[in-house]
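What follows is a group of structures, each given as structure tokens.
Below, chain A partners chain B and then partners chain C, in two separate complexes.
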Partner chain A sequence: MNDRPELFRGNRIFLSCIYWAFVLYVFVPLILMVIMGFKDSNFIGFPIRSWTLEWYTGVFADAEVISTFGYSVAIAVLSTLISVFVGTWIAVLLEGRKFFGRMAMFGLTVLPALVPGIISAIAFRIYARYLGIEPGMGAIIWAHAVHNVPFVVLVVMARLSTLPKSQIEAARDLGADPLISFIRITLPYLVPAILGASIFCLLLSFDDFVRSFFLGGYDPTLPVLIFAKLRSGMSPEINAIATVALVLTAAIGIWAERFTRRMNKDS
Partner chain B sequence: MTDQTPLARIEGLSKHFGATVALDNLTLDIAQGEFVTFLGPSGCGKSTTLRILGGFERPTKGRVILDGEDVTNQPPERRNVNMVFQDYALFPHMTVAQNISFGLELKGMGKADIKRRSDEIMSFLELDAYAGRYPVQLSGGQRQRVALARALAPDPALLLLDEPLGALDAKLRGQVQQELKSIQRRTHKTFFFVTHDQEEALTMSDRIVVMNAGRVEQDGTPEELYFRPASRFVAEFIGETNFLSGRVRGVEGDKVVMDWEGTTITGKAPATLPDAGTPVTASVRLEKLGFHDTRPETGNAVQGRVVGKTFLGSRMAMQIAVGDKGDAMLKAYVDAETGQAVGNEPVWIGWEADNMAVLND
Partner chain C sequence: MTYEAPARQDGPAAAQTSADRTFWGRLAGWGPYHALMRLATASPRRQFLLLAAFPILWVLTQHLGPMLQMLRVSLTDAYPVAPGVEQSFTLDNYARFFGDSIFWMPFFRTLIFAGVFTFCTLIITYPVAYFLARHVSRKNQMLFLLLLLIPFWVGEIVRTYAIMILLGNTGAVNLLLKTIGLIDRPIPFMYTSFSMGVGIVYLTALYMLLPLYSALEKLPKSMNEAAADLGAGAWTRFRRVSLPLTIEGISSGCTLVFLISTGFYATPVLLGGPSTTVFAETIAGFFHVAGDEWPTGAAFATIMFMAALLITATFQRLMRMLRKGENA
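For the complex of A and B:
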């Protein structure tokens, strides 16, 4: 421990108080939300007199919730496939040889990540109408895919920049042309980054409300459905849906983090 | 070798990086089965030559002929040349066996042939036990052997080695040097080795090309380079030596007689004979100097005082002050145990004319 500069000697207690206050601030709402999903009453709030699993069984029996969930997953998977393909391609292009305008291209690529969601959603909506694209699944996938490309580019470029030049030279030296060396050496090296970026894109898409709301047709995605249900009044059913979504996404996120960390360590 | 045509020929090779001249009109033949070492400080052009031979750089001028074919503009994948990289460049996601098979697969070999060849090379280099391991699971020495096996597997006409021992610790390096030399002998392959380590070059090579600032400084056997350096640069770069700076008195046959620190000494003449009266430098190795109680009857001799000593284990390096004012220094090796005392009594230092090389600067 002593090899780290003790910047905060004596402030330990104060700092840990701040830390725990932060943890409470973040997790208490989530814990409350989870607890309320088990309350045997139509109204959210204390006191809780009796407990039930009814809301959960209700969620899993609700055809609308199940199909909406499937719809959201399908959108997440398809938009992620597009983002990863396009993002990896751009990353390889930008990280390769130096060429004129490379920095400008990089800027243009990552800029969309900084545009506020509501603004890009409205822009997409207007543009989609102009192009004659109907609101619905295709439009949502398109918007999600475009929005997620910068994250893929950043993650894949970071990994690509650590690929030793000698790896590609060795492949060429042993008889691989540029395409074969890309497929057999570069791509396997990028796998951890591509997987990490994919998980991130899946979660971003699954979680997205603004773009899905503006570009959606008659079928809602899960966040849009939760929003619609909220308008007809808070009920523990929403807590149950949210809890299931929370557990799923957290599990995927934690697994992906550990998995990519292990893969990065191995190579 | 009945075949007198060289395996590889480098013709008038130049390489410029912007305003920097990395390689300046290099011409060289490499014979089949030779262990050639390119030796020089960093930036001398040795690595550039290697990369041009491998196909990773294109020369600004000149040609590379391999097996009678002009390969100057061929990409690396089309040349019958393989390379052992400085960082080994093993593919991390492939096992040892997969790494070694990679080049064979790309040669279009059948599965059975690939297996046979990679097994053969793995047992040759004693890697059998590691076939299923990944590079991260190997030690530095093992990785080095895998890199060598991978480069040898496709049976290249010429093997390029880019300072492949740099990453190994000193003890292992000595062992690997012997191993490399013996592998080269047993495979009869032509090795093109690049290093900045003169000791490495001396122990392994049949022939050493000393490079300096993009040009060949001297090209010869290790013995020639060590005992008959052509220039001050070579004498300084290879081994440790005494430089004696004086003035030319005259030339006698293949010997140069020069004035040095109030005495006259004789050494072997360089390629270009110096004019009388010009300043000149001669080089004599530390182990060629001997201590005498009286002036030796033959050869060069000078009187001096032993002013210091350095214990080196197997021997002792003595510092001797010579000359009228005692400000010229010589260094000589003596036996570490019997030694030579440090003191004020004058001693005679002698060496044969044949053991001193007069240099062209």
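For the complex of A and C:
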């Protein structure tokens, strides 16, 4: 808030219009998509003359969608576990004492996050074959895990930089070795960051298309399934599937946002 | 975060001294563990090596490895190598790129599109970030920001599909225009560079908004007020105060959005048409067919990556020079 609002009132009204227009731009497409899933017709498009719940109930009866959903969740959970483990370890190294080549190490650490999607997918595809990993669940988990490590590192490093050094020193003075002082002091302090990063990784993996598409075997993940269905034509069925994915990711996102904020406030 | 008291493990162990009572106390005193820790922490050097070995190995083999392998495959004549055939190195895959406009046209189109879309994202999100950082009370800032974050948790494919519904011939925009009587026949928005632009800006806006917001938030309000007191109008204040002081945010937001937009594959496939084929589709084409096309695909991906890096590095350098120039 400005101390002297009279100076900037004109700007303020103008800018708030832009903000709310942007909110509309961001929300309207998604709201329309949800509404379209209630249309009682095979054809996507306005106007909607009659309504039905059939598409939504159909989603929960569709064995393919349900199993795809489980497949995506399993991939997200497993890849997140790997990312969080590796990412935390790297963050502890990078936030620790200075060493020769730390900047290079940091550069290499964030590399997977900076490589444009298609190139990262291709590189992983080639490397998977080089390592002898067949396309399929293992390959997707591996690619998602590697791709998500940088995000964990950045979040955990930010939290580590605020860890009071005196606590570690106190623990060491009391005779704790590095491993135990890490587990007893550092790790509990990192919990909010690790949880936040985990949720972020879960969502990144669950939403990822390009890596799942190029590294997948015969079973599709949820985004790949929606993509495949879209290529054979738009239908309210896709709206219903996409809406279920949307509600789930948005709910987890909002919950995580609130959760991490509360955790950060407490500490 | 609270540090709760260590979980007491009462029972037979409770009789021991307080230091030994906890699980960790007992672990530290346990012979084999103690010996192992002594060995591991014998010197700072050894301790550091134990900490650093795994991360270094990981980033070299998992982060750098795929890129290097891609580069290597792009220089070979066949991949994977058929048994009994000698693999040889060649630059033919790179030469192929320059030989046919069907290859370099999508390449330049991708770079131009990514540049234009990045600029559009900047223009659209700057006022939004400005409003959030300067005109919303601190208490509400997070709420207003969170409102914008929600849709960005939703995946790329779902959001692309939402744009398809919005812009289709029987989509919401056409319905609206028809209802208010601006048009008789629907405007074919879909499968053009316009629909692709709307989709990509929609997907990348957040990556621009957050760096801009954090740069603007750091800007002291007094600066703007001082400029206003000196008689600077809104436009001058923006051009001479806010803009130069947020160049860092602009630079990192643009870099991020540019890199992301060059990498989209599904969005151009779904929202674009035959006249808007991007390089990602060209590259992907080599991986849908049998393996012998992989080296070409790898070479094209390498070209794309190098070009994207070169452009963003140049851009960042320019921005840095601009900032120095403004300060001088």
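The definition used in the following text is that the second predicted complex is superposed on the first by the 258 of 267 C-alpha atoms of A that agree within 3 Å, B and C clash if a C-alpha of one lies under 4 Å from a C-alpha of the other, contacts with A are read in each partner's own complex, and residues count from 1 in each chain.
Definition applied: a residue touches a chain if its C-beta (ideal position, glycine included) is under 8 Å from a C-beta of that chain, and two chains touch if they have at least 3 such contacts.
The structure displayed is predicted, hence computed values, not measured ones.
Once chain A of one complex is fitted onto chain A of the other, the partner contacts of A:Pro188 extend to both chain B and chain C. In the superposed model, A:Phe99 lies in contact with chain C only, and not with chain B. In the overlay built on the shared chain, the residue A:Ile126 is in contact with chain C alone; chain B does not reach it. More residues of chain A are in touch with C than with the other of chain B and chain C. In the superposed model, A:Gly233 makes contact with neither chain B nor chain C.
By the touch criterion defined above, A:Pro164 reaches chain B but does not reach chain C. Of the two partner chains, both chain B and chain C are touched by A:Gly175.
In the superposed pair of complexes, A:Gly217 makes contact with neither chain B nor chain C.
The interface of chain A with chain B overlaps its interface with chain C at residues 175-177, 180, 184-185, 188-189, 266-267. Against chain C, the residues of chain A that register as touching in their complex are 1-4, 7-8, 10-12, 15-16, 18-19, 22-23, 25-30, 32-33, 36, 43-47, 86, 89-90, 92-93, 96-97, 99, 105, 108-109, 111-112, 114-127, 129-130, 146, 149, 175-180, 183-185, 188-189, 191-192, 203, 206-210, 213-214, 223, 226-227, 230-231, 234, 238-239, 242, 245-246, 249-250, 252-254, 257, 261, 263, 266-267.
On the side of chain B, the complex with chain A involves touching residues 54-56, 75-77, 81-83, 85-87, 89-93, 102-103, 106-107, 134, 136, 150-151, 154. Note for the complex: chain C touches chain A at residues 1-3, 6, 24, 27-28, 37, 40-41, 47-48, 51-52, 54-56, 58-60, 62-67, 69-70, 73, 79-80, 124-125, 127-128, 130-132, 134-138, 142, 144, 146-159, 161-166, 168-172, 174-175, 202, 205, 221, 224-225, 228, 234, 259-260, 262-266, 270, 280, 283-284, 287, 294, 297-298, 301, 304-305, 308.
Residue ranges on chain A touching chain B, taken from their complex, read 164, 166-167, 169-177, 180, 184-185, 188-189, 266-267.
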